[in-house]
Each structure stands twice: as C-alpha cells, then as structure tokens.
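Both of the next two complexes hold subunit A, though its partner changes from subunit B to subunit C.
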Partner chain A sequence: MIAELGHLLAFLALATAASQSVLGLTTGGEAVRRLAVATGMFTLLSMLTLVISFVTLDFSVALVARNSHSLKPIIYRIAGAWGNHEGSMLLWCLIMSGYGAAGALFMRGDRLRDRALGVQGLLTTASLVYLLIASSPFIRLDNPPLDGGGMNPLLQDPAVALHPPFLYTGYVGMSFVFSIAAAGLINGKIDREWAGRVRPWALTAWSALTIGITLGAIWAYYELGWGGWWFWDPVENASFMPWLVGAALVHSLILTEKRGSMAAWTVFLAVLAFCLSLLGTFLVRSGVMTSVHAFATDPERGIILLIGLALTGGMALALYAWRAPKLMAGPEFDPVSREGALILNNLFLSVGAALVLVGTVTPMFAQALNISLSIGEPYFQLTFAPMMAVLLLFMPLAQASTWRRTDLAPLLKRFWPAAVLAVVVAIGAVVISGKSAWVIPGVLVGVWVVAGVAMDLAKRVGPGGIGRVFRLPLTVWGMAIAHIGMGLFVIGATTEAAARTERTFPMHQGEQAEMAGWTFRFDGVSSAEGPNYLTTRADITVTHDGRTEVIHPEKRYYPVAGSGTTEAAIRKTPGGDVYVVLGDPIREEPGVWRIRIAHHPLIDWVFGGAGLIAIGGFMALAARLRRRAPATEQQPAIEPSASGEATAAAGAPA
Partner chain B sequence: MIAVLLMAFQLAVDEPLPNPRLEERAQSLMREIRCVVCENEPVSQSTADIAVDMRRAIRTQIGEGKSDDQVRHFFTDKYGQFVSFRPPTEGLGLLLWAFPFALLAGVAAFLGFRAFRSRHRELSPLADDGRNDVSG
Partner chain C sequence: MRKRSQRLWLIGAAVVLVGGAIALASVALKDTVAFFYAPTDLIEKNVIAEGKSVRVGGLVEVGSESHNSEGVLVFRITDNRNTVPVLFDGIPPDLFKEGQGVVAEGKFDAEGRLVAKRVLAKHDENYMPKEVKDALCKKSPASCAGDNYGSAKEPAS
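Up next is the complex of A and B:
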C-alpha cells in the first residue's frame, strides 16, 4: 500500500505543481502560495513513503529489491532511498519543490514571488513528469524476492549518506535562484531590490553546495583507498562548475544589491548556475563519461536530460536576450574600488568556470571523434591553480577597499606585514620540510590571505578592545571567515599536493617499514565478519615518538553486491594524516601483501578550510535574514560610499 | 651500461629511487600517467598489477636518466595520448593550454580599456532609483 500511496502523492504533487506554474505565471495571488506549499508537502510525503519502504525492507518494491538488503544497517537503509537513480530523482523533486515551498513561506507576496513560484512550478512539473514516466521509484514486482540486491558498498558510508542531500540542496537550490532571475526578467525589473531578494537563496544554495562537495571529497579521501580527495574527475568537475559560478554570483549580487551595478551580468550568472547544474547532472547520469563516482548511468536518461537542459537554458537565454539590453548600468565608479574588486573576482571565477567546463567536456568530444586524449590533474594544476592564486592575491585588498574609489597606496602600505609574513612562512615551509619548491606559491598566497584578512578584521574592530569584536556586523564575520577558510584551504591543498609521500611496501609477516618517522610492523592478516560484509583485517603495529598502537586497515567484501571496499586506517597527527591501506596479496609470493603507506600533510586544513567557507556563507545568510527590513515596497537608498558595514576604513572621496 | 641494467633489476616492487630528487620526479609522473585498466585513476593510486609494472617502468627510466618528456613519450607512444592526464603541448593541444589565459587576458583588456576611458572623467554625483525598471 505504502508505495502506491507514494505514487499517488507524487501525482498529486504533479497536479499542484502544474497549477502552481500556470497560476503563478498568469494571475498570481494567494493561491500560488498555497499551491507551492502543497507541492512541497506532497513530495515530502512521497519521499517519506519511499524511505518507509526502504526501512521496512518492502522487497515487492522493485527499487528496494534492487538496492537494499535485510543485513544492511538502518542508517544505510534510509540513505539507500536516495542512493540510486530513481530515489535521487525523487530527492531532486523534493528539494526543488521544497525551495518553492520555502519561497512561498518566506518571500514577500508580490509579482516577483508569484512568477518565481510559477517558474519553479514549471521546473518541478518537468522533474516530476520525468520521475513518473522515466524513473519511477514506486514500481512493484510481481514476484518479490526474499531478499534485496544490496547497495554499492562504496556508498555505504556516513559521509556519502549525507552527501546527496547537501549536494542537491546546493545545485538543485540553484533552480530557485534561476526562477527568481527568470521572474525578474519577465517582470523587466532587475534592480537592487531584486538582488536583495535573490541573495539569501543564492547563499543557501551555494553554501550547501560547498558542504556537499566537501563531504564528497572527504569520502573520496578515506573510502576510495588512495587518499586522493580531488582528482579533477569529470563528476567532481560537474559539481564544481556550478560552485564557481555560484561563488561569482554571491559576490556580484553584493555589487548589484548595494550599488545597482552589473545587473545584467548578475542575472546572467543566476541563470547560468542552474544551467551548469543541469549540465553536470547530464554529464553524471547519462554515462557519456567514465568516472569512479559515476553511479546509476543510462544513455536514454541522458537524452531526456539533454532536452531538458536545452529547453531550460534556451528559454532562459531567450528571455535574457530580450530583457538584458534594456537594463541600465549602475552609478559610475573608479576601476580601483570595491566595485572594481568584485568585478575582478567575477572575471577570474567565470573564466575559471569556463576552463573547468572546457577541460571536462573536451575529452568527451575527443572520444566521440576517436581522438585519444585525457585531461586531468596536471592540466588544471597548471592553468586553474595559478589563475586562482592571482585572484587570491587581491583578496585582502578587495576586502579593505571602499565603494566608488579606493586609494591603493595606503592599502598596500597597510598590508605589508602580511606580505612579509607570507614570504617568510613560504620560504620557511620549503626549508623545514625540504620538499619541492612547488609549495611556495600556494603557501605564499594562503598566508597572505589569512594574515591580510585578519589584519583587515583587526582594523575594523579598531583599538576599542575585545568588546567591539562582537559588535562587528555578521556580514563582516561571514566574509572574513569564508575568506580565511579559503586561505587555509589553499595552504592545505598545496602543501598536501606537493609534500604528500606515498609508498607501497610488499610485506610479509613480521617485516618492518618506516615512513615519516613512523615504524610499521606487519603482523599478518585475519578474517572477520561484519553485519553485511566479510573482511580481511591486517594487524599493523605502529610506533612513533615512543608510543605503540595496533591499527587495522581492512579490505571488505560485500557478498550481496559482489564487490569490495578498502578501509584505510588513518591516524591523525598535528602535521597531517598517516594513511595505511591494505592492498592485494602478491600472487607469486604467498604471504606477502602490498601495504600502502602515505603521509598527507595538512589534510585537515583542506576540509576545515572548505568547511569555513560554507560557514561563512551561512553567516552571511543569517545576517541577511536578521537584517531583513519589514516589508516595504520602496527601495533603500544606495549605501553611501563609506558605509559602516562595507568599510570601517576611511571614507572614499565622493 | 651493465651497472645500469643491474640496478634496474634490483629495483623491487615500488622500491623508491635512491636519489630523492629523482624519486620525486618519478612520483609526480606516476600521478599523471593513467592506469590503463582502471577507471580514471593514475598509476600512483592503483593497486592493479599493471599499475605496479607501469610505476616500475617510470622509476627505471627516470633512474636511467631519461627526461620527464621522454618518459611521457614512452607511454603515449605505447598506449596513445589517452594514457597521459597531461594534454599534449603541440598542435591543437596548445590551444587547450592557451585558451584560459587568452580568455582572461582578452576580457581583462576589454574591461581595462573601458575603465581607462572612464578613468579621466569625474565621477558624477550619486543618482538613484527607478534604475533598471524597464517594465514601462
């Protein structure tokens, strides 16, 4: 019964979503609001029925039979509901309609809201039609099996159970940003008020996307068994492109909201972010590429997604081409100003997104043309990384700049200690670690950013003492924390990439190996049984700084799925992780196993930095929500050049 | 010559090169050569037998004093350009390397030109409202 109920609820959601889009784009009014909330409720309940089917192991539901198993722990039974194509499509619909419902509840009722809900209804309708026709999760089996087919064991992991909800809140969330942009274009009103109303949604989606991507990277780091957290894999790039455009968007929205400038560009980014989300979904789900992350692929779905992408993108661009030329420029400003800095940010981030796009799709075209070509880490490290490094050099200056016009000379003078510190630390890092000079640019830029942002923060606090720290506006904190996170991330990522060491030792019982000052003694392997897997566990005695402990890297085999995973044994040290993987036994030499030992310096800075970026984004969102003025129709005046929030520094000459 | 060959034989599975500089070069090559039986993995990360062989081949050749490019060519000649995560720096591959910087420079030049033109004009007093309302 429960699956039929879910099916029915999805149809009800389809009906309300369709009415929501028709009413929203025509008459508007209170009914649109109620319909949007209803659509959200129906999809939520529909998702719940699917989760119940998974938890109660209703194997008469085809999807449950294929993807669950009685031996699976409860949390993965729940996560199993979206750990497959059909279920993740329902999650997609849920998040899309959820944004619609949230918009209905939180946005002020006017034409912009109604039309945004209308467009969102249209997107939700299309998604639900696709769900119900091409990938229904509610299909029953005539002859239910006694037990299920299990789940890809790689996905049986806490980080990856949470990864899809966050990732989707991110890039499906861009759909609502898209909808408000489309609504603004239909209304012909892309102004400061519009930007102010898009911003919380863009911040929500972008921050959630940051968390989603980070969870994916953490999962790849410890679960795939080679200790890599980012490999410029097409699937990773697919989520990174909307992230980059989203990052550009949350910055250009500031410019448009505060100054009324760059409206046409901002709305273009708002449209583009969701188009890239769709493109990413197409790349991941259609099977046009191979990747360690690509689960649930099917060429036929690809065609449908491609049509959806073409329709959505085409219509949005047509709308844009119709309205954008009529949008007026904002007030004038000097190139050296906060406006200029934000434009610089957008220039680099959007060229970066174009770079990632070309680097991702070119090998696919090459393959179609039978040209042998791969594009991977070395390419992005030599193009994307230096480009972003240059951008980050401007970050502290941009943060301290003033609207309209900024005097560069006093700024440069002010930040010299940060520059000196950066140079000293970078040289010190090479000397102390004895590692390649490749760490220099990254550490230099990272330290410069962290120190520069901290100095700017100190300047804003002023000499008034600790008490004033808490009086800084939340937006300033959000910005500073996100920027410091970026700096820490860059330090971590470059150090990890340049100074990580990895070695594979063929070891027999009792043999010792040494690495990074640690001693490892291989004490053999034993077999054990987990809830739904068999495991080969190695006993490795590690000694470091006089302490001894036994660690257990594992190789798990999941008989139901017929595949296995490697479970690395990871030990944290202040300087980084020691990472031990049990490899395969060597065929020609019985009793000898390959043990991979790696040292990943500053790896926590990578994930911690990314986490801070997301926290900064959420703080900016919180500031935005708190500051929200009581519903007024008129626009606030353009902030004066030396507004308190933007610049605690000296006022700019007007 | 014989000494070199002997050394190559003595290199056991994943035995690092004695010279740390050479080992570092070898490791960075291992990160850009693709394991030919895996899905989108470099040989540095794979535990497949062939990846072990490929790692050994890289170390042997670096140990013999070959340049990074010679090692890359060894693999691309054998398996095609597909085996290298680093696109070629000749022919059309050059376009791939140049386009991001060209795009950045192009747009920056355009923006810079516009900024330069307006630079010498005085900023007008702030004006506001009604801006960008083109709904009529």
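Up next is the complex of A and C:
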C-alpha cells in the first residue's frame, strides 16, 4: 500500500509542478507560490514512503528487494533508499522541488520569483516525468523474495550515506540558481537587485556541494583501502566542475551586487553551473566513461540525459544570446582594484574548470574515434595545479584591495612578512622533513594565503582590543575563514601528495616493521562475525613514543553481496595519519600476510581545510540573510511594479 | 580609466590566460596521456618497451595470482588470447578477483612485465570497465555473449 501511495504522491507532484511551470511563466501570482510549496511537499512525502519501504524491508517493492537486506543496519536501510539509481532520482526530484518550495517561502513575491518558480517547475516536471517513466522506484514484484539482494558493501558507510544528500543539495541546488538566472533573462533585468537575490541560493548550493565532495573524499580515503582521497576520476571531476564554476559565481555575484559590473558574465556562470551539473550526471550515469566510481550506468539513460542537457543548455543559451547584449556594463574601474581582483579570480577559476573539462571529456571523444586513452593525475598536476597556485598568490592582495582603485605598492609592502614567512616555512619543510622539493610551491602558496589573510583580518580588526574582533561583519569572517581553509587545504594536499610514505610488508606472526617512527608487530589474524558480514581481523601491536596499542585492520566479507571491503586501521597523530591495511595471505608461504603500512602527513588539513571553505560559505550566507531586508530597501525596486503583491517575504529565518 | 581601455584590459588578461592554459594543456596532454591496450594489442602493435606508460585491461587470469619472494603481488591479465604479466606492490582493491575485469596502470620493466602503479577493479558488481568489455568482445566474441562476462571465467586457451 505504502509504495502505491508514494507512486501517487509522485504523480501529484508532477501535476502541481506542471501547473507551477505554466502559471509561473504566464500569469504568476500567489497560486504559483502555493503550487511550488505543494510540489515540494508531495515529493518529500513520496521520498518518505520510499524510506519507509526500505526501513520496513518491504521486499515486494522491486527496488527494496534488489538493494536491501534484513541483516542490514538501520542507518544503511535508510541510506539504501538513495543508494541506487531510482532512489537517487527521487532524491534529485526532492532537492529540486525543495529548492522551489524554499524559493516560494523565502523570496519576495514579484515577477522574478514567479518566473523563477516557473522555470524550476519546468525542470522539476522534466525530472519527475523521467522518474515515473524510466526509473520508477515504486515498482512491485509479483513474487516477493524472502530476503533482499543487499547493498554494495563499500557503500555501507556513514560518510557515503550522507554524501548523496549533500552532493545533490549542491549540484541539483544549482538548478534554482539557473532558474533565477533564466527568470532574470526573461524579464530582461539582470541588475544589482537580481544579483542580491541569487546570492543566497548560490551560496547554499555551493557550500553544500563543498561538503558533499569532501564527504566523498573522506570516504574514498578510509574505505577504499589505498589511502588516496582524490583520483581525478571522471566521476569526481563531474562534481568538481560545477564546484569551480560555483566558486567563480559566488565571487562574481559580489561584483554584480555591489558594483553592478559584469552582469552578463555573472548570469552566464549561473546558467553554466547547472549545465555542468547535468553534464556531470550524464558522465556518471550513462556509462560513457570508464570510471572506478561509476555506478548504476545505463546507456539508454545516458541518451535521455543528453537530450535533457541539450534542451536545457540550448534554451538557456538562446535566452542568453537574446538578452545579454542589452545588459548594462556597470561603472568604470581601474584594473588594479577589487573589481579587477574578482575578475581575475573568475578568469582563473573558469579556465581551471575548462582544463578539468578537457581532461575529463577528451577520453570520451577519443573513444568515439576508437582510440582508448586515459588522462590521469599527471595531466591535472601539470595544468590545473599551477593555475590555482597563481590564483592563490593573488588571494591575500585581493582580499585587502579596495573598490574602484587600489594602490599596489603599499599593499605589497604591508604583506612582506607573510611572504617571508611563506618562503621560510616552505624551505624549512623540505630541510626538516628531508622530503621531495615538490612540497615547496604548495606550502609556499598555502602559508602565504593563511598568513596574508590573517594579516588582513588583523588590519580590519585594528588596534584596540580583542572586543573589536567580534564587531567585524560576518561577511568578512566568512570570506577570511573560507580563504584560510583554502590555504590549509593546499598545504595539506601538497604535503600529503609529496611526503606520503607507503610500503607493503609480507609479515609472519611476530615479525616487526617500522615506519615514520612507529613500530608494528604482526600478532596474527582471527575471525569474527559482524551484523551482516564475516571478518578477518589482524592484531597488530604498534609502539610509538613508548606507548603501546593493539590495532585491528580488517578484511570484511559480505555474504549477501558476495564481496568484501577492506577496513583500514587509522591512528591520528599531530603530524598525520598512520594507516594500516590487511592484505591477502601469501599462498606460497602459509601464515604470511601482506600488510600495507602508510603514513599520510597532514591529511586532516585537507579535509579540515575543505570543511572551513564550506563553513565560510555558510557564514557568508548567514550574513546575507541578516542584511537582507535593509539591502533590498537601499536598492529601489527597478521593476516597474510588476504586480501588486509586495508580500516582502523578507523575514527569512536568519 | 576609460570604458574602452577597461575592456581592452579585460580581453588582454583573458587572452593571455586562455593562451597559457591551452599551451599548458597541449604539452600536458602530449606527455601524460596513457593509452589503453588489451594484451593482444600489446603484442600485435609491439608496444612493450621498457619505461613505456600504459593502461592494460582484461581479466585476471584464473590461477595466475601469486606473490613473489618480496611479497609483491604477481598476476596475469588476459583477453583470452594473450596475456601480460603484472607486478603490483600494494593491496589490490576489494573487488579484485581471479576471473574478474581489471585495469592496471603502470610502466613496463626490462623483462616486459607491467609494474603497476594502480590497479582498478570494478566497484560495483554489475560494472565492468567498458574498455575491458570491448577488448574482450573484440578478441573473443564468445566471451561477451549476452553482454555477460561471466563466461569469461573459463580460460579460453
């Protein structure tokens, strides 16, 4: 019964979404608002019914039968609802209509809102049609099995259970940014007010995307058992490209909102971010790319997605070509100014995104010519990394720059201590650790950013006590924290890549190995049973600084899925992680196991830095919501009173 | 600053940056692209040369997995016609199994063995690297009947 209810709710959502799009793009008005909220509610309830089917293990639902199992812990039964193609499509629809409902609740009621809800309704309608026709999660089985097929054990993990909701809030969230951009283009008004109204949505989506990508990287790090966290795999790049364009967008929106400049470019980025999300989905789901992470691939879906991408992108570009020439240019400014700095940021980030795009799709085009090639880490290290390094060199200066015109000389003079510190730390890092000189550029840039941003912050606080620290505007904090996060991330990522040590030791019982000042003694393996898996646990006694501890790397086997996972034993130290993996027994020598021991220096800085970037984004969002009412008053609504209902839904929950 | 020169500045900066990026990308693409081969291609096209970087895909030959005296994993990749020996000093991914699809990336040593830096197995039960599937279908059509590579478990030779 519950699955039929969910199916019905999805149909209801389709009906309201379709009416929402028609009314939103034509008459507008209060009805659009109500319809958008209804669409959101119906998809939410529909998702809930699916979650209930998964939690109650209703194996008469085909999707549950395929992807769940009675022995699975409750959290993975819930996560199982979106850990497959059909369920994740429903999640996609939920996030999309959820943004529509949030827009209906929090945006001021006028033509821009109505049309944005209309476009969002159109996108939601298309997604729901696809869901109901091509990938319904509510199909029943005539002969329900007694138990389900289980879930890929690699995905039974807390980080990866939360990964899709955040990732979708990020890149499906870009759909609402897209919708407001399309609405602005239809209205022919891309101005300061428009930028101010897009910004909270762009910040929400981009910050959530940051968290989603970070969760995925953390999962890859500890679950895949090889200790890597980013592989420049097409599936990773698929989410990284919208992130880069989103990062450019949240910066150019500042420029358009504060100065009225670069409006045409900003709206282009707003459109592009969602198109890249669609492209990413196509790459991940269609199976055109060889990827280690690809799941739920199906070429037929790929064609539908490609058509969707072409329609969405094509219509948006046509709209853009029609309106963009008429967009205003904004006031004049000197190249060396905050305007110039933000433009530089945008140039670098979009060129960076283009380099990632080239590296990602070249193999696909080559394949069409029957050439099979792969582009991996070396390409991205040679192209993308230097681009970003140069961008970061400008970061502290950009943060301290002023609108219209900035004197470079005093700025450079002010920041020399940060530069000196960066050089000293970078050289010191190589000398002390004795590791590869490859860490120099990364550490140099990272320290320069962190120190420079901190100096800029200190200057803004000014002399006069710690109390003033709390009087700095929230936007400044958001910016500084995100930028410091970026610096820490770069220091961590380059150090980890250049100074990581790993070795595989064949060990018999009682044998010792050493790495990074730690001693490891292999004390044999034992078998145990988990809730839905069998495990082989190793006992390894580690000694470090006179302290002794027994750690247990495991190899798990999930009988239902017929496959296993490697559970690394990870110990944190101030300098990085010690990472121990139990390999296979060596067949030729009974009792000898392969054990891989690795040291990942500063790995927490990688994830912590990325986390700070997201926190900075959310702080900027909070600041934006708090300032919201006065900000819109200052800018007289240029829209010639499109409709009477100035309901001013300004009271967003700040 | 005048509107005109402002625009010139912008365009100039964009041109320099994009030009730099194109130069960088073309150099990087030339140097870092690794071509994919099935074992038969490696032999027919005479690709095997010391220090050459490649990706090799196929199935892990049944019965080929072992460890040498240093504990390095040794196995052979097969496309059911030819095989190529692979050395891998690491822990293979969880879904690495004899008879399953695999892609190894690395360089050849002097003895024509592939010293893999990375070994990729599928993540998903139903997923098979497309290149591997194509390679197998091309080399021995029998093994890809019904789009199912389960039959490839019987070594052909």
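Rule of thumb we're sticking to: the second predicted complex is superposed on the first by the 629 of 654 C-alpha atoms of A that agree within 3 Å, B and C clash if a C-alpha of one lies under 4 Å from a C-alpha of the other, contacts with A are read in each partner's own complex, and residues count from 1 in each chain.
Operating definition for what follows: contacts are C-beta pairs under 8 Å (C-beta built on N, C-alpha and C of every residue); 3 or more make two chains touch, one makes a residue touch a chain.
Fair warning: this is a prediction, and the values are worked out from it, not measured in the lab.
Chemist: Contact-wise, after the overlay, does A:Phe333 reach subunit B, subunit C, both or neither (first, second, both, neither)?
Modeler: A:Phe333: touches subunit B and subunit C.
Chemist: Look at A:Met387 in the shared chain and tell me whether it touches subunit B only, subunit C only, both, or neither; answer first, second, both or neither.
Modeler: Touch partners of A:Met387: subunit B and subunit C.
Chemist: So, A:Val351: does it touch subunit B (first), subunit C (second), both, or neither?
Modeler: The answer is both, since A:Val351 touches subunit B and subunit C.
Chemist: Based on the superposed arrangement, let me know which partner A:Gly562 touches: subunit B (first), subunit C (second), both, or neither?
Modeler: second
Chemist: In the overlay, answer first, second, both or neither for which of subunit B and subunit C A:Glu588 touches.
Modeler: Touch status of A:Glu588: second partner only.
Chemist: In the superposed arrangement, which partner chain does A:Leu154 touch: subunit B (first), subunit C (second), both, or neither?
Modeler: In the superposition, A:Leu154 touches subunit C alone.
Chemist: Between subunit B (first) and subunit C (second), which does A:Arg199 come into contact with in this model arrangement: first, second, both, or neither?
Modeler: Touch partners of A:Arg199: none, neither subunit B nor subunit C.
Chemist: Taking the contacts subunit A makes with subunit B in one complex and with subunit C in the other, which residues are shared?
Modeler: The overlap between the subunit B and subunit C interfaces on subunit A comprises residues 225-226, 290, 292, 332-335, 340, 343, 347-348, 351, 354-355, 358-359, 362, 371-376, 378-379, 382-383, 387, 502, 504-506, 581, 583-584, 586-587, 594, 596.
Chemist: Looking at the complex, which residues from subunit A come into contact with subunit C?
Modeler: For subunit A paired with subunit C, touching residues are 152, 154, 224-226, 287-288, 290, 292-297, 329, 332-335, 340, 343-344, 347-348, 351, 354-355, 358-359, 362, 371-376, 378-379, 382-383, 386-387, 502, 504-506, 561-566, 581, 583-584, 586-589, 592, 594, 596.
Chemist: Looking at the complex, which residues from subunit A come into contact with subunit B?
Modeler: 187-192, 225-228, 231, 233-234, 260, 263, 290-292, 323, 326-328, 330-335, 340, 343, 347-348, 351-352, 354-355, 358-359, 362, 371-379, 382-384, 387, 404-405, 436, 502-506, 581, 583-584, 586-587, 594, 596, 635, 637-638, 654
Chemist: What residues on subunit C touch subunit A, complex-wise?
Modeler: Its residues touching subunit A are 1-3, 6, 9-10, 13-14, 17-18, 21, 24-25, 27-29, 31-37, 55, 65-67, 70-73, 89-95, 103, 105, 120, 122-125, 127, 129-131, 134.
Chemist: Name, in rising order, each residue of subunit B that touches subunit A in their complex.
Modeler: 12-14, 16, 24, 27, 31-32, 34, 39-42, 44-47, 49, 52, 80-87, 93, 96-97, 99-101, 103-104, 107-108, 111-112, 115-116, 118-119, 121, 123-129, 131-136
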